[in-house]
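Take this structure, written in structure tokens, and hold onto it; I'll ask about it next.
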Amino acid sequence: MKIAKVIGTVVATVKDPSIKNLKILMIQPLDEQFKSDGDPLAAIDTVQAGPEDIVYYTMARESTLALPDPMSPVDAAITGIVDEVYLEDKGIVDREKIFA
Amino acid sequence: MKIAKVIGTVVATVKDPSIKNLKILMIQPLDEQFKSDGDPLAAIDTVQAGPEDIVYYTMARESTLALPDPMSPVDAAITGIVDEVYLEDKGIVDREKIFA
Amino acid sequence: MKIAKVIGTVVATVKDPSIKNLKILMIQPLDEQFKSDGDPLAAIDTVQAGPEDIVYYTMARESTLALPDPMSPVDAAITGIVDEVYLEDKGIVDREKIFA
Amino acid sequence: MKIAKVIGTVVATVKDPSIKNLKILMIQPLDEQFKSDGDPLAAIDTVQAGPEDIVYYTMARESTLALPDPMSPVDAAITGIVDEVYLEDKGIVDREKIFA
Amino acid sequence: MKIAKVIGTVVATVKDPSIKNLKILMIQPLDEQFKSDGDPLAAIDTVQAGPEDIVYYTMARESTLALPDPMSPVDAAITGIVDEVYLEDKGIVDREKIFA
């Protein structure tokens, strides 16, 4: 899984019926020190993540396993909210330290 | 999922019977601010998208879950039409603002 | 799916029994204007493509859905022959125009 | 599979119930000579790997096959601990030689 | 599928029980002219490939379809041995020509 920050919301009126009531968030992938890394993408939210939350997300077929309907045509889902990362050589990395 | 703009159509007379009646569109992936990002690809249309529509698309095995026959040999499908993206730090991004 | 040109054949005497009688072709991925884009790869042919044909191919698990045995250990299959691509801003792109 | 070194731990209180009791580790991918190669990622641990262990990991849908619940929304799992790599042209590569 | 050369062996005492008796080889991906292309990776051997053999390999979920237990947590498997590649514009490419 990769770590990301919630940066926005995608508004789509025409979408597959299987995900009609689910929120699509824009997320910015982060590296292990919570710095931006790569391009933002759209992901289905399964954990009620809010703006600027640090989350981890799951890609491809396995992302659908977190959805009400596992046969949904979805390839990225937010599946957890990250409190902090502990790195052997740097100690605790968390939102407060980085974004303060 | 990634966001893209519909830029054309692929004409293929020889194709797998499971997708015989489905349209194949050329789409240009966009970043979260609707700027071109990466190479165009061919995707099956499942939402009646038209030229220059902003869409989001699903990759790999899960893309087939939006098709009449989920066992089709397809690895990219257009699964929604995007009205706008709301970014925490930039506000609303939509077609009109970008392409005007 | 991505578009590619057939550039050769892979001869393999030792291969998985499930694909014993299928042809493995070398294909060169192309961009939407039929220019080379990325590295050639080996793909199973399911549409009787010939040398220099423009084709589109399917990657990963879904590529096997076009094979006689959908449980074959294959991750790329040629699943259609492209006649032409129509781009909104450039008109028709076809073999003759490009390779003439 | 790719080879990686365990560099940390991800602390997530909100996560999918299917992986509630599993550890999420941060791993740094390595090349065949155990040098860092690419960005760290978060992976579920299935082999009780410890800090600085050299492991190999499995990506995407197949990573879930190592979990108690194979329907977990997970796309990277540590599935083995590497003792050493033997390269035809360089001989044995192991932790001691590299990190000493 | 991609073409690769066998360059070594991975020794792992702790591994998933489903692949306990299978060999893990280090392979160097090659381009269509048998030149090194990209980073080596670890792949399960299903065709008794030997050191310096030219092979093709299958990635992701479909790689497991070549294994005794198709539910193994494996994402790369060697599924064929390549004798030669015939390219329309270059003729036959084989080991002898390249490595001689």
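Per-chain residue numbering starts at 1, and chain names A, B, C, D and E are given in the order in which the chains are listed.
Here, a contact is a pair of C-beta atoms (placed from the backbone, for glycine too) under 8 Å apart; a residue touches a chain by one contact, two chains touch by 3 or more.
Predicted, not measured: the structure shown is a model, and the values here were computed from it.
Trainee: How far is the middle of chain B from the middle of chain D, if each middle is the mean of its Cα atoms, in Å?
Mentor: 33
Trainee: Hey, how far is the Cα centre of chain A from the one of chain D, in Å?
Mentor: 21
Trainee: Multi-chain contacts only, two chains or more: what residues does chain D have there?
Mentor: 60-61, 63-64
Trainee: Which category does the touching pattern between chains fall into here: line, ring, star, complete, or other?
Mentor: Looks like a ring, each chain touching just two neighbours.
Trainee: From chain D, heading first to chain E, list each chain in turn around the ring.
Mentor: Traced from chain D through chain E, the chains around the ring are D, E, C, B, A.
Trainee: What residues of chain D sit close enough to touch chain A in their complex?
Mentor: The touching residues are 6-16, 18, 24, 26, 39-43, 51-52, 60-61, 63-64, 71-76.
Trainee: Quick check on the complex: what are the chain B residues that touch chain A?
Mentor: Touch residues, chain B against chain A: 1-3, 31-32, 37, 46-47, 56, 58-66, 70, 77, 79-89.
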